[in-house]
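First chain A sits with chain B, and in the next complex the same chain sits with chain C.
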Partner chain A sequence: MDFLNHNLFALMPVLPLLGWLVLIVWGKNMKEPTPGIIASSLVFLSFVLAIVGFVQVSPMKEPLLNTLRWDFLPMWVLEKGQLVSKPLQFGFALDHLSSIMTLIITGIGFLIHVFAIGYMQHDKGFSRFFAYLNFFIGMMLILVLADSYPVLFIGWEGVGVASYLLIGFWYTDRKNSDAARKAFIVNRIGDAFLMLGMFLLFMTFQTLNIHEINSSFGSVVIPNVTTISTGIAYGSPPLELAALFLLLGAAGKSAQLPLSTWLPDAMAGPTPVSALIHAATMVTAGVYLVARSHGIFANAPGASSWVMWIGALTAVYGALSAIAQTDIKKILAYSTVSQLGYMFIAVGSGAYWVGIFHVATHAFFKALLFLSSGSVIHALDGEQDVRQMGGLREKLPTTHIVSLIGTLAIAGIIPLAGFFSKDAILSSAFTSPFGGEFSGYLIWAIGLIVAFLTAGYMWRWYTLVFLGTYRGHAHPHESSSVMTIPLWILAGLSVVGGFIGLPHFLGKNVNWLEHFLEEAAPNAIGFREIPIWGEAILIALALAAAIGGILFSRWIIARDGAKSAGWIATPFGNASRKALFLDQTYDVAVSAPAKFVSEQLELADTHGLDRGIGAIANGTVEAGASLSVWQSGFVRAYAVAVLLGTAILVGYLALRSFA
Partner chain B sequence: MIHLIIFIPLLFALIALFFRGQARASVSIFAALSSFALTAVVWMFKIDTVYRTPWIPGAGVFYSVTFDGPSLLLALVATLMTSMTLIYFSFRKDSHQAEGMYPLALAMLTGLLGIFAARDLILFYVFFEATLVPSLFMLGLYGRKNRVRALTKMALYTIFGGLLMLVSIIGTKYYTNSPSFDFLELFGRTNQLDLETQTWLFLGFLAAFAVKLPLFPLHNWLPDFHAENHPSGVADVMGTLYKVGGYGLFRFALPLFPAAAQNLQWVFMFLAAFTALYGAWIAFSSKDFKRLLAYAGLSHMGLVALGMFSLNPIGMAGALFLLAFQGVYSSALFLIVGMLEERLNKDSHNEKTTSQALEIGHVRGLAASAPAFAGVTLLLWFASIGVPGLAGFVGEFSIFLGAYQANPWATALAVSTVIASAAFALTAYQRTWLEEATTSIPELNAKDWFVLAPILAVTVFFGVFSGSALKLLEPSVQAVAGLLGGK
Partner chain C sequence: MVETQYYIALAAILFSIGAVGFLTRRSAIQMFLCVELMLNAANLALVAFSRAWGDLIAQSAVFIILTLAAAEVAIGLGIIVAIFKKRPTTNVDVLSSLKG
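Moving on, here comes the complex of A and B:
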C-alpha cells in the first residue's frame, strides 16, 4: 500500500507512453475512431491519477517522491577530498506546483484529444496522429514530474521531438517539414543553454536534484545580508549566470525573444496540435522551469529583471506582430508569443504563482480559441484566411459563442479568467523587488499597452471571422458534438478559471492559488506594498485598456472595412505582417553565413586539407592505375609488412633478452 | 573463457574459408554469436577473467588479458554488432559477391576483443595494428572506385601514428626500468619520470590515438574510408567499432602519464571541442550518406576526446559510455544506409547508380511508402544527436557535465554541436524521407526487423535504464580519476 501511495503518480506519464507504443505498433490495423478512443482514455486515466495525486499532496508540505528509482547518470562529488560516486537517479516528485501542471496537461490534453477525434476524421494518418499526441502528453508529464534537471530535460527535449513530429505531421508538403525542422533546431539553441545552466548548477551545488537545490537556500533570504548554506551569496555571479542560462533555455521552449521565430511557423501542424502543444502546454514549459527553479531566480535579482524585460519585450513584439496577420491561426500564434511574454514578466517579478496562474487561464482560453479556429477551418474546408471569412455568427452558432467568450477572456474583460491573471501580472510587475522601482513601473506600463493591443487584435480576429457578412465560397456547417463539447467545457473554464486567484483587495485569504503554491513556489522576498486603493486603480486601468482596445479596433474596422487593406497597407502594417522582420534578420545574419561556412569547410576538408598525404595517395593511384589493387600488391605488401614488422620486433626483443 | 571469446572469431574465420555461400555465412554468424553469448555470460555471472602468462619472457612481454568493466562493455557491443552486421550481410542479395567479408569481419572482431582485453602494452600494440590488416583488406578488396587512394591515406596515417606509439611503448619501459611491458608494472613507475619525458612519451601514444579517434587535423582519412568502402556498410560498422582511440587514452595514456595529461589538458580539450563542432558543421553540407555519417562520427569522437581530457570521472564515464553505444546506433545507421542502398541501387557494380543510391536527397519522400523504415531511421538519428531517453544522451550529457567542471569555455564550444548536429541530422533525414515522394521503396521486412529490433531495444533500454552499463564503468573510472586528481 505504501508502495502504491508513493508510486501511483509515476504511472501518469507511463500510460500515455504505453498508448504511443500500442498505436505506433498496431494503430495501422485499427479502424477509426479506435485509436482516438484508446489515446483519449489513457489521457483520461492520467487525468484521474492527476486528481488522485492532487488530493494526496494537497495537505503535504514536502514533495512526494516515488520510491521506484534507478541510476541514470554517472556522477561523482568531492567529499572531504575523496571522490564519492553518487549516480543521479531517475526519479519523479509530485508537489503542489507539479500537481497543478499535471491537472492542466491531462485535463486540457484530454479535451483536445476528444476534439481531435472529430477534427482528424478521414485523415490517412489518424492513428499516427494519436500516437504522437499521446507521446507528447507522456513527455510533458515527465517534464513536470521530474525531480532532477536531467530527467526534466528528457521531457523537455521529448516534447520538442513530439512537436517536431506533429508540426511536420503532413510531411509531404515541404513547407511543413521545414517548419518542423526549424522548430526543433531553434529549440535546441535554447536546450544548449539549458544544459550549460545545469553544468554550472552542478559546479555550484554539487547536485542536479531540483528540490535539493531549492532547499539549499535559506528559508528567509534578505537581500545583501543572507548567505546561503552552500556559501553562495544572494546575487553572486554563479547564481546570476546559471539563472541567465536557464532563462535562455526557457526562451527557446517558450518562444521568447530572441528565439521566438519558430512558434508562428509551427502552425503548420494540425490545429489540435496548435492548441495542445503550441498554446496550452509545451510552450509554458519555460515558465514552469523558472517557477520550478524559484530558489535560484529569487536569489538572482539581475537575471530575474532580465526575465521581466525579455517577457515585456516579447509581449510587445507578439502583440505588434499579431495585429496585421491575415491567417486565423497566425493571429493566435503571435498572441501566444505575446501572452507567454506576460508569463515571463510574472515569473521574472518573483511572483511565481502568478506565472502559473496565467499558464492555467491562458491554457483555458487559448486552447478554446485554437479549437474554435479549428472548428472554423473544419467548417470552411481548410480556409485559413480571415479575409475570406465573416458572418459565421449565424452559421456556426456554438463556435461563435465560445469564441466570443475566449476573445473577451483573453482581452481581460471582468470577470472572465484573463482579467484576473492579467491584473495579477501587472500588479506584480508594478511591485516587483527586482530591477528597481523605475524598471517595474516601465514594465507595468508596457504591460498595459500590450493589454490594449491584445484586446484590439483579438476583437479584429473575432469581427473578421464572425461578424459582418460571409465573404468566402465554402458552405459552412457546424461541427459535430465530439468537437463542440470540449469547446463548451473550455469556455466554462475560461469564464470561471480566474476565481482561483482573486486579488488581495477582496480579502486576505481569497487567493486560493497563491496560498496553495506558497511552499512549492514561494514568492521572492521584498515586494513593495501598495495601498488597497492603489491596487484598485491598477485594476481599473487594466480594464480600461482592454475596453479601449476593443473600441479602438471597432473604430478602425468600421473606418477601413473588413476586407479593404486600410492601414494594413502602410509600412507599419507591413512590418507587423512580417513580424518585424525577425525571420529575415536571422536568415541574413545567422542561417546564410552558417551555411556558407559549412559549404566552404566541406570543400576544404575534402579537397584542400588533402594536399599533403592525399598527394602521396594520388601518386600511388596513378602509379597503379592500370592494375587492380590486389594485383598491384599494395594491400598484400602492407599486410606482410605489418606482420613482418611485428614479428621482427618481437623476435628482436626475444633475442635481446636471451643475449 | 576469455581466450575462447577472443579467439573463437579468428578460429572460425579460418574454418569459414573452407566453406562457401550459405554455409560460410552460417559458420561466421555462429562464431560471432558464440563470442557474444560467452561475453554475456562473463558479464552476467561476473566471471573472473584475469589471465597472465609470459609470452616472450626475456623481453618482458606478457600475454596479459582481462575483461574489466569498460572492456566488457565494449566487448559486448563489438560482439553483438558484429553478429547483427553479419546476419544483415547474409540477407543481402550481393553478399555472395563479397564472401571474404565474413572471415575479415571475424578477424577484426578478434583484434578488437584483443585490444579491449590486453593489459600488456606490446600485446595491445600487436592487436591494435593487426586489426588494421583485415580492415584494409575489406577496403582494398570490396571498396569502390577510389579505394586505393582511401586505403593509402588510411594506412599512412595509421601506421605513422602506430609507430610513434610503439616508440613510446619501448621508451616507457626503457625509462622506467620496468621488468616488463605489463601495464600494472609500468604504472606506478611512470609517475617518477620528469614532466618532459612523460610529455614526450604521452605524445607518442597520443599520435596513435588521435589518428584512431580521430581528432582534427588527423581525421582526413576517415571520410574517404567510409565513402569508399563497400556500400553494404559491413566494413563501416567494423570501422566504427574500431574507433578505439578514446579507449586507449583511458586505459593507457592517461593513467601512465597523469602529469603530462594535466599539463596538456586545455590544449586537447579545445582541440576535441573544435573537432566535435567541425565534424557536425561539415556534415551539414555532406552530399552523401557515408560521408555524412563519417563526419557525424568525427563529431562524436571529438566529444569522446573531450570527456577523456576532462580528466573528470563524470566526463570519462560519459566518454566510455558514448564510445560503447555509438558502436550500436552509429553502426546501425550504416546498416540503414546499406538497406536503403540495396533498395535503391539497381546495379551494385555500376559506380554511378551506387553513388546515386547513397546521395542525400537524390530520392525524396520515402516515408510515404516505408513509414516504419523512416521511423526507425529517425529514432536512430535522434539517438545519434543525443536526444534524452535514448542511449546517446547519457554519454553526451555526462561528457559535457564533466568537461564543464574542468574547462567551461571549451565545453561551451562543444555544447554548440547539439545545435549543429540537430541541423545536419534533421536536414539529411528530411531530404530523403520527407517531402513529396519521388519514388517508393519496399517497407522493412522480417529479416530487416530481425537485425534492427535488438539494436533499437538496446538503444532505447540503455537510454533510460543506463544503470547496469554505468555500474560496469564505475570502478575503473573512479580509479583512473583518482590518479588524475579528481577534478
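Moving on, here comes the complex of A and C:
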C-alpha cells in the first residue's frame, strides 16, 4: 500500500506512452474512432491519477518522491578533495507545483483528445495523430514530474519532437514540413542554452536535483547579506549566468523574443495541436521551468529582471503583430506569444504562483479559442482567412457563444478568468523586487498597453468571424457534440478559472492558489507593499484598458468596414501582418550571412579541396597507365622478356664467376 | 659411361627447341608442350649433374618437379579447355583482353 502511495503518480506519464506504443504498432489496422477512444481514455486515466495525486499532495509539505527509481547518469562530485561517484537517479517528484501542471496537462489534454476525434475524422493519419498526441502528453508529464534537470530535459526534448511531428503532420505539403523544421531548429538553440545552464548548475551545486538545489537556498534569503549553505551568494555571477542560460532555454520553448518566430508558423499543424501544444501546455514549459527553478531565480535579481523585460517586450511584440493578421489561427498564435510574455513578466517579477496562475487560465481560454477556431475552420471546409468569414453567429450558435466567452476572458473582463490572472501579473510587475522601482513601473505600463491591445485584437477576431454578414462561399454547419462538449467545458473553466487566485484586497486568505503554492514555489522576498486602494486602482485601470481596447476595436472596424479588417492597408497594418519584420530581420542578419559563408565554403571545397584531391588521384592513374603499356597482351612478348631477363642474369653471374 | 657434357648438351638442345617453339607457335596447346619440353630439359640437366656429383638430392628434387609438372599440366590444360569453350580459338595472339 505504501508502495502504491508513492509510485501511483509515476504511472501518469507511463499510460499515454503505452497508448503511443499501442497506436504506433497496431493503430493502422484499427477502424475510426477506436484509436481516438484508446488515446482519450488513457489520458483520462492519467487525469484521474492527477486528481489522486493532487489529493495526496495537498496536505503535504515535502514533495512526494517515487521509490521506484534507478541510476541513470553516472556523475562524480568533489568531496573533500576526492572524486566520489554520485550517479543521478531517474525519478519523479510530485509537489504542489507539478500537481497543478499535471491537472492542466491531462485535463485540457483529455478535452482536446475528445475534440480531435471529431475534428480529425476521415483523416488518413487518424491513428498516427492520436499516437503522436499521446506521446506528447507522456513527454509533457515527464517534463513536469521530473525531479532533476536531466530528466526534465528528456521531457523537454520529447515534447519538442512531438511538436515537430505534429506541426508537420500533413507533411506532404512542403509549407508544413518547413514550419516543423523551423520550430525544431529554433527550439534547438534554446535547448543548447538549457544544457549550458545545467552544466553550470552542476558545477555550482554539485547536483542536478531540482529540489536539492531549491532547498539549498534555505527558506529566507535576505538580499546582499546572505551567503547560502552552498556558499553561493545572492546575485553571484554563477547564479546569474545559470539563470540567464535557463531563461534562454525557456525563451526557445516558450517562443519569447528573440526566439519567437517559430510559434506562428507552427499553426501549420492541425488545430487541436495548436490548442494543446502551442497554446495550453508545451509553450508554457518555459514558464514552468522558471517557476520550478524559483530558488535560482529568486536569488538572481539581474537575470530575473531580464526575464521580466523579455516577457514585456515579447508581450507587446506579440500583441502588435496580432492586430492586423488575417489568418484566424495566426491572430491567436501571436496572441499566445503575447500572453506567454505576460507569464514571463510574472515569473520574472518573483511571483511564481502568478505565472502558474496565468498558465492555467490561459490554458483554459486559449485552448477554448483555438478549438473554437478549429470548429469554425471545420465548418467552413478549411477556410482560415477571417476576411472570408463573418456572420457565423447564427450559423454556429454554440461556437459563437463559447468564442465570446473566450474573447472576453482573454481580454480581461470581470469576472472571467483572464481578468484575475492579468491583474495579478500587472500588480506583481508593479511591486516586483527585481530591476528597481522604475523598471517595475515601466513594465506595468507596458503590460497595461498590452492589455489594451489584447482586448482590441481579440475583439477584432471575434467581430470578423462572428458578427456582420457572411462573406465566404462555404456552407457552414455546427460541429458534432463530440466537438462542442469540450468547448462548453472549457468555456465553463474560462468563466470560473479566475476564482482560484482572487486579489488580496478582497481579503487576506481568499487567494487559494498563492497559498497552495507557497511551499513549492514561494514568492521572492522583497515585494513592495502597496495599499489596498492602490491595488484596487491598478485593477480598475487594467479593466479600463480592456474595455477601452474593445471600444477602440469596435470603432476602427465600424470606420473601415469588416472587409478591410482594420489597418490592413496602412503601413502599420503591413508591419503588424509581417510580425514587425522579425523573420525578415533574421533572413538578413542570420540566414543571408550563413548562406554567404556556406557558398564560399562550397567554392573552396569544389575548387580548392576537390581539385587537389582530384590531381593526386589523376596523377596516380596516369602513372599506372604509362606502366600498363608493358602489359601488351602478347604472351610471346612476355616469354621473350623472361628469356632475355634470364639470359642477362645468367650471363652476369657467369661473367662474375670468371672474373 | 657417357660423359656428363653430352647430357648437358642434350638438355641445352631440348631447352632451345622448347624456347624457340614457345616463341614461334601461336596455338596455346603447342606452347604448352614447349613449356613442358623446357621443364624436362632442366630435369635432365639436374639428373646429369646429380650423377656427376654422386649426390641424390638433385634426383629427389626431380621427382618433386615431375609431380608438380603433372599437377600443372592438369590445371594448364583445364584453363585451355575453359578458354576454348568461351572463345572460338586458342590462338594466344587473339586472347589479349587483359592488355593494359
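The working rule: the second predicted complex is superposed on the first by the 600 of 659 C-alpha atoms of A that agree within 3 Å, B and C clash if a C-alpha of one lies under 4 Å from a C-alpha of the other, contacts with A are read in each partner's own complex, and residues count from 1 in each chain.
The rule is simple: contacts are C-beta pairs under 8 Å (C-beta built on N, C-alpha and C of every residue); 3 or more make two chains touch, one makes a residue touch a chain.
In this text, all values refer to a predicted model and were calculated from it rather than measured experimentally.
Of the two partner chains placed by the overlay, neither chain B nor chain C lies in contact with A:584.
A simple residue count on chain A separates chain B from chain C, and the partner touching more is B. Shared-chain residue A:196: touches chain B; no touch with chain C.
When both complexes are overlaid on chain A, the residue A:5 reaches neither chain B nor chain C.
When the two complexes are overlaid on their common chain A, residue A:90 makes contact with chain B while staying clear of chain C. In the superposition on chain A, A:509 makes contact with neither chain B nor chain C.
In the superposition on the C-alpha atoms of chain A, the part of chain A touched by chain B in one complex and by chain C in the other spans residues 629-630, 632, 634-635, 639, 643. For chain B in complex with chain A, the touching residues are 56-61, 122, 126, 129-130, 132-133, 136-137, 140-141, 143, 146-153, 155-157, 159, 166, 217, 220-221, 223, 278, 281-282, 284-286, 291, 312-314, 317-318, 321, 365, 367-368, 371, 375, 382, 387-389, 393-394, 397-398, 400-401, 404-405, 408, 411-412, 415-416, 418-419, 422-423, 426-427, 430, 434-437, 464-467, 470-471, 473-474, 477-478, 481-482, 486-487. Those residues of chain A that touch chain B in the shared complex are 24, 70-76, 78, 83, 85, 87, 90, 128, 150, 153-154, 156-158, 161, 164, 168, 171-174, 177-178, 181, 184-185, 188-189, 191-192, 195-196, 198-200, 202-203, 594-595, 597-599, 601-602, 605-606, 609-610, 613-614, 616-618, 620-621, 624, 629-630, 632, 634-635, 638-639, 642-643, 646, 649-650, 653-654, 656-658. Residues 625, 627-636, 639-640, 643 of chain A touch chain C in their complex. Across the complex, chain A is touched by residues 19, 22-23, 31, 92-93, 95-100 of chain C.
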